[in-house]
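Chain lettering (A, B and C) follows the sequence in which the chains are written, and residue indices restart at 1 in each chain.
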């Protein structure tokens, strides 16, 4: 009897604790969002989304080029990282126990701990220096490298949790290995894999250091991927370290736009995944 | 499948269009010091208004990074708050020329709650504070140069720049000139081994943020940050014994004296400059160009820009907190510009 | 590499080689980074060797470099961040995957990932203007008997190890929590139902799920840890950037990622640059060591056949039924 009471009490305590953790995590989030919104919303106007950066004191400066640039560079990074991360994760999960898969896992975890500036310098060494100019492609490479470990590890962990019966069923029906994995097992783990991709996107969306030495920045509008390109994070950073209130406000607006874009991507990706799930289940 | 193909085609077209459009303009990339970024962006913008096909793209990576990018030839021009050393010049693939563009001043900011008079500092006192030899605000050395001021017994918290910076370079360059102990113990560089117990703030903003929030703190920032953030900054005693408060006038005055002994390559330190009205912690900031640049088209454009910046451009400086170059220096530079080989 | 477990069917071989190529690419990238780090720190290694890991002086003017204070700062701040963030992150994961009503789940997931979307520079600025004054107040109001311990000594600056650890843990929470949540969601419902059928309480069923997914949970924690080790911008704005080794939470300290980012751009002089890259190499090696230790941990956990339930609890449950 006493034991039962203790067990139940413990259970309740844990429930309360986990609810409290959610609240605890929400407090700084609310504070930070409040901080960004109150400081940035004042500078959000049509000019901000339409115009290029203007010098201090001139009205109507904007970050149109930075918004487009961020989308381009992040897109390039994702193009590079998603295939590599997912497929490497597939290998590590499907061939778990081999030394090569352990090596891959180990490499991914190590890469995850490398500071963003080291990756930026690495990308600088292989994508900027040999060509003697900065480019959006180099920036995409740096960001992509940072995304890979998160995507790979999440894919791997979730594929491991897919019951083997699914794999065996597909193979028993005559599917090739590739087909079994990519059309049956992977979709079963898809929501989790999408989470991994979104986490990776969120991770790199706020990065400045790797971009400064690769995609540089561009005061003007450019979609040329072989030339320097403006990005929200670098532009925000450039403004934030100056002394002028006007530029500070624009920096906050830029940060607000960035957080909004990432959240929007997250919501859209989740909606798309849910729709795919429903189709997949034949509902 | 069709949809994907459409998207890819559109992406390629946009990319090609972007490349085509940019082909008609002259696009020049430069990198370097963060200090002059605001005035440079004003200049490039104004110049672009007059010459719409000239797009000069400058990013503040830091003086050292600018020098390295220039040496690696990933950018066309560099910018630095501290002149290149002989070693750096040696290791560059070609001869690099320095051209001063504007002036800046570094001020000692402090936060003493309840104090409403301005503090005076001398070079040795500043050095001793930053060395950790003076630890309280009511120390006799500070009281002696601020007679009648009610200094509290608060501990002094020293705030310096965490990262390497030209601002640090200018400040410690001055301290080394006025304090032999500083010169011996700490030395001069963009980043030094600060004494224990000091705090590093990130960027001029970080330092002013820390100082404004920590009672009893002292730090150093570029003049414009002290003005914009409305932090108290003290006057500093110059070589002539006068206590001078930093302003665009007193900083320009510091450079005026240097014009007479300007070396041919313009690499000169003007801290602790002579002159009654000279602010002692001032410095030039330079643009760096190759003597024989590879891209002659870009070189022609940059030379025209430089001439404009040294003459017309100077009028934009004071509003943004920069001190314009004295006329003598501009004259010397205009004579030196033809050294950049355009042919 | 032939493993007898896997068949030699052509589509199997194609699959293995095809996916393996991508895995190889990942290893090549990491190897490339390690190689570059080693190559560019060769000057520093030649001059300082192992002393680099043991010296405290960081003097760019005298060309004397030692990484020990930075190693300390990185380890201390990351471990603190892990201690603070892991329980909270797991609590959130448990709440969302096990306890929250259906309508609450999507919004909570969205909100958790919002924390990950905030750029690190925003964390830094928020830290320096909002968090640091609060920590300063905390320091001013710390009772004297606590202040005399080595953990709470030092002048009330606000910036320091505690502020950095708090900011880091906030940044790490969404990563650990999201991966742990996904991993918990993937635990088959049958497992939980089995536990309840045996008379388990809510918590005991959750504990069973945690055990089932334990390698994934540890993986989630490691991802968070890696994030903490490499974070630069937010940390450098609130940690005080003073290369000293101190147990005190209130003392300004310095991390490897921070000093690398701060001084890399301006570093003139080949030895200086090489010493900075050497720090990057040290961090890389440390990550390798930490990963190895966690691998051992996972391996020993994976070998456990079942959770160490209290025998008495089970038998009691059996008797009560």
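As a working rule, contacts are C-beta pairs under 8 Å (C-beta built on N, C-alpha and C of every residue); 3 or more make two chains touch, one makes a residue touch a chain.
Note that the structure is a prediction, hence the values are computed from the model and not measured.
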- Message: Taking the touch definition from the header, please name the shape of the chain graph: line, ring, star, complete or other.
- Response: complete
- Selected interface, A-C versus B-C, where C-beta contact pairs are more numerous: A-C
- Note on the structure: So, in whole Å, the Cα centroid of chain B is separated from that of chain C by 38
- List the centre-to-centre spacing of chain A and chain C in whole Å, with centres computed as mean CA coordinates. 17
- Query: Which residues belonging to chain B are in contact with no fewer than two other chains?
  - Reply: 61, 65
- Message: Residues of chain A that contact two or more other chains, please.
- Response: 212, 240
- Message: Where in chain C do residues touch at least two different other chains?
- Response: 129, 261, 264-265
- Message: If we count contacts the way the header does, which residues on chain A are in touch with chain C in the complex?
- Response: 3-4, 7-8, 10-11, 13-15, 17-22, 24-26, 28-29, 31-33, 35-36, 83-84, 87-88, 90-92, 94-95, 97-104, 106-119, 121-122, 125-126, 145, 148-150, 152-154, 157-158, 160-163, 176-178, 181, 189, 191-192, 195-196, 198-199, 202-203, 205-209, 212, 233, 236-237, 240, 255, 258-259, 262-263, 266-267, 270
- Item | Interface residues, chain C side, partner chain B - complex | 57-62, 124, 128-129, 132-133, 136, 155, 157-159, 236-237, 240-242, 244, 252, 254, 258, 261-269
- Query: Mind pulling up the chain B residues that touch chain C in the complex?
  - Reply: 61-65, 67, 85, 87-88, 155, 157, 162-166, 186-194, 196-202, 206, 209-210, 213-214
- Parts of chain B lying in touch with chain A, wherever the complex brings them together: 14-15, 17-19, 22, 27, 29, 31, 34, 37-38, 41-42, 44-46, 55-61, 65, 72-74, 203-205, 222, 224-225, 227-229, 319-321
- Task: Report the residues of chain C in contact with chain A in the complex, numbered from low to high.
- Result: 1, 3, 5-6, 9, 11-12, 14-16, 18-20, 22-23, 25-27, 29-33, 36-37, 87-92, 94-96, 99, 106, 108-123, 125-126, 129-130, 170, 173-175, 177-179, 181-183, 185-188, 201-204, 206, 213, 215-216, 219-220, 222-223, 225-227, 229-233, 256-257, 260-261, 264-265, 277, 280, 283-284, 286-288, 290-292, 294-295, 312-313, 316, 320
